[in-house]
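Per-chain residue numbering starts at 1, and chain names A, B, C, D, E and F are given in the order in which the chains are listed.
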Amino acid sequence: MFITRRERFNAAHRLFREDWSDEKNLEVFGKCSNPNWHGHNYIMFVTVKGKVSKETGFVINLKDLSGIINTRIIDKIDHKNLNLEVDFMKGRIVSTENIAIAIWDELEENIRQIGAELHCIKIVETENNFVEYYGN
Amino acid sequence: MFITRRERFNAAHRLFREDWSDEKNLEVFGKCSNPNWHGHNYIMFVTVKGKVSKETGFVINLKDLSGIINTRIIDKIDHKNLNLEVDFMKGRIVSTENIAIAIWDELEENIRQIGAELHCIKIVETENNFVEYYGN
Amino acid sequence: MFITRRERFNAAHRLFREDWSDEKNLEVFGKCSNPNWHGHNYIMFVTVKGKVSKETGFVINLKDLSGIINTRIIDKIDHKNLNLEVDFMKGRIVSTENIAIAIWDELEENIRQIGAELHCIKIVETENNFVEYYGN
Amino acid sequence: MFITRRERFNAAHRLFREDWSDEKNLEVFGKCSNPNWHGHNYIMFVTVKGKVSKETGFVINLKDLSGIINTRIIDKIDHKNLNLEVDFMKGRIVSTENIAIAIWDELEENIRQIGAELHCIKIVETENNFVEYYGN
Amino acid sequence: MFITRRERFNAAHRLFREDWSDEKNLEVFGKCSNPNWHGHNYIMFVTVKGKVSKETGFVINLKDLSGIINTRIIDKIDHKNLNLEVDFMKGRIVSTENIAIAIWDELEENIRQIGAELHCIKIVETENNFVEYYGN
Amino acid sequence: MFITRRERFNAAHRLFREDWSDEKNLEVFGKCSNPNWHGHNYIMFVTVKGKVSKETGFVINLKDLSGIINTRIIDKIDHKNLNLEVDFMKGRIVSTENIAIAIWDELEENIRQIGAELHCIKIVETENNFVEYYGN
């Protein structure tokens, strides 16, 4: 059984490498490399798997799952600059792929502690593109 | 090849255990344990898998699939109280997880009889949470 | 300038008149008159109008508007039975139209006190129907 | 007859006044005043009104309307910082209200030149809030 | 009080004038003039206005409204070719504007007969464009 | 890591077999066999899988993926008749299942050439039905 919680965050970011020129960044990352930042309404889907408890009918109490996601992730990235202000994004190119990996790394152990297993982090950047990460 | 049919039902429910006090139910299930019920616009996605017929280009005729879902499920739960009025929910805590399992159990054999295999029952309770069940 | 805040509530209800038989209620209200209740994920859009403040660029601070809507409405109706538990619905048939009127009556004066004018209450009951009330 | 074209832009912004301290900005604008910016997937609906042409069945050719919106607005604000890089936002607090007014001012004359009348600029900032501006 | 019913229809159409060459049609109507047709999932919103009945809490019984829309409109245009098969589109260029006007003309009198007043026909052709017609 | 690009196309089609009578086609395919065509706003989701590049943070540059999808698919089917005008649909019944298979066959090799692996083609025909194809 899989259960999914949706959460949202609005953040600024820039796709670029410091060791590349603005021209090279523009060539590879297009307008996403704009030096003055741009931003998105990101939508995150956190899917966990587990057995359904005979006692509660739940895989996991969504209140607990939502609490973990908000404490560990949303409070740190909502209305923030993903390149400058988020500890778990430090040293990473702020692609949607890397956001998903970083969030997986932040949540995996905490979700295990409440008795479930993290299955998928899905990050929707725009209505036309999203990524799904299942760990490795 | 996987093909999915979406159907909807609006129903009342309450999350609670009869053998627990109202206080215990409130503690575990939160406002979902309100004794006077609350309700949802549930969205259900039924996914079946199968081979594509050379004759029709179909895995399954969606008219047949929709017919089964409506006869076996929607007619019994739409505009109903899931705790009080639905035979296949009797004796189960009415969590989204248990709704998905019960619907799987109702549909699996019927879908096999029209030549396809039930793959997934997805139940969306609110825009922020849903479950997916793939059988066991 | 018009600004709109969306809020959501999940509630049970029944369409019926106490002075009618179950048969008459069924005839007029259809399956919405089910005596054991059913429910919806209601979506509410509260639109206010006003001038844009030179000081803040706002018609109204959405934090204030959201605060009023939550205190006056959401806290009273979310995860509740609209027929049995909501003071401002007492004595009214719980149609979408009457929900909109009752919410208008609850909010109008409070919104005036924070310097704006209530313009429209829109209540979406299902993806196929909604009402809009502009006062009278 | 009213016809509406939807366009989207992803941009960074910050709500603040230069003549206020960070504390005052935080108090009034909340986390939207974050000095390192945040951002949104803005959705814009441009509604024009006019008579339906007997010759074409159109109020306006949407290709022309979309062309004007893209040249005058989207090219200037998509993947940009609304505070720093957009000529028509200079000197304005970057609230959703002011974005709508500024876009109205940019488009009104151009739309008149292709034979229609601008009726409404609707800007959706998040799924929970939007503004509508009808000129003054 | 305004109440809106959503209905959907999937249809083929072509934008063109018989008295123009294919080149002229292509120039004015673009790829929408493709001689072999193309199609859409049209979404229609029918809004009526009226007083709320003290007896039922309804402006109008949505079952009646939906019945009229299906009999008069959906049965005639769903899974049809709007240029070739729909009586009320005969002699009209099949633009979204003209579809809205024709549907208004079909529904206005019938809705008056069930005690309400037609207020708006909204036709959504794609996620990026729609028209709204309020009669004349 | 999986990354998905959404693209859309509006097209006419008809479900039928030339070697069957209109009656037989109507019996099997229902109103989808209308001889004068009907149409849809199809939504396509192309999912590719691959490793995240240390250099760019990307599985694949979405600009490249979108370019391939548009050149190989969208340019050939948008605003077209899927039965009459699309080379890769020739000789196939134009079911949603067969559209997904044909698009898979068109894209698989091209996506491999830009360093990723095609994982899934999802085609949404209406809000109530979609197919997913993972190759064979």
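Following the convention adopted for this analysis, a contact is a pair of C-beta atoms (placed from the backbone, for glycine too) under 8 Å apart; a residue touches a chain by one contact, two chains touch by 3 or more.
Here the structure is a predicted model, which is why all the values come from computation and not from measurement.
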Each chain counted as touching subunit C and subunit E at once: D
Hopping only between chains that touch, the fewest steps from subunit A to subunit E number 2
Moving only to chains each one touches, count the minimum steps from subunit A until you reach subunit F. 1
Would you say A-D or A-B is joined by more C-beta pairs in contact? A-D
Nearest 5 degrees, what's the C-alpha rotation angle taking subunit D to subunit F? 180
Relative to subunit F, which chain's C-alpha centre is the most remote? C
Looking at subunit D with subunit E, do both copies bring the same residues to the contact (over half shared) or different ones? different
Please pick, from A-F, E-F or A-D, the pair whose interface repeats that of C-E, with more than half of the contact pairs identical by residue number. A-F
So, in whole Å, the Cα centroid of subunit C is separated from that of subunit D by 29
Where in subunit C do residues touch two or more of the other chains? 127
I'd like to see which chains touch which, written out pair by pair. A-B, A-D, A-F, B-C, B-F, C-D, C-E, D-E, E-F
Touching residues (chain side subunit C, partner subunit B) in the complex: 8, 10-13, 31-32, 34, 36-41, 78-81, 84-85, 126-127
Contact residues on subunit E for subunit C in the complex? 1-7, 47, 52, 55-59, 61-63
Listed in rising order, the residues of subunit E that touch subunit D in the complex are 15, 17, 28-30, 92-98, 100-101, 127-134
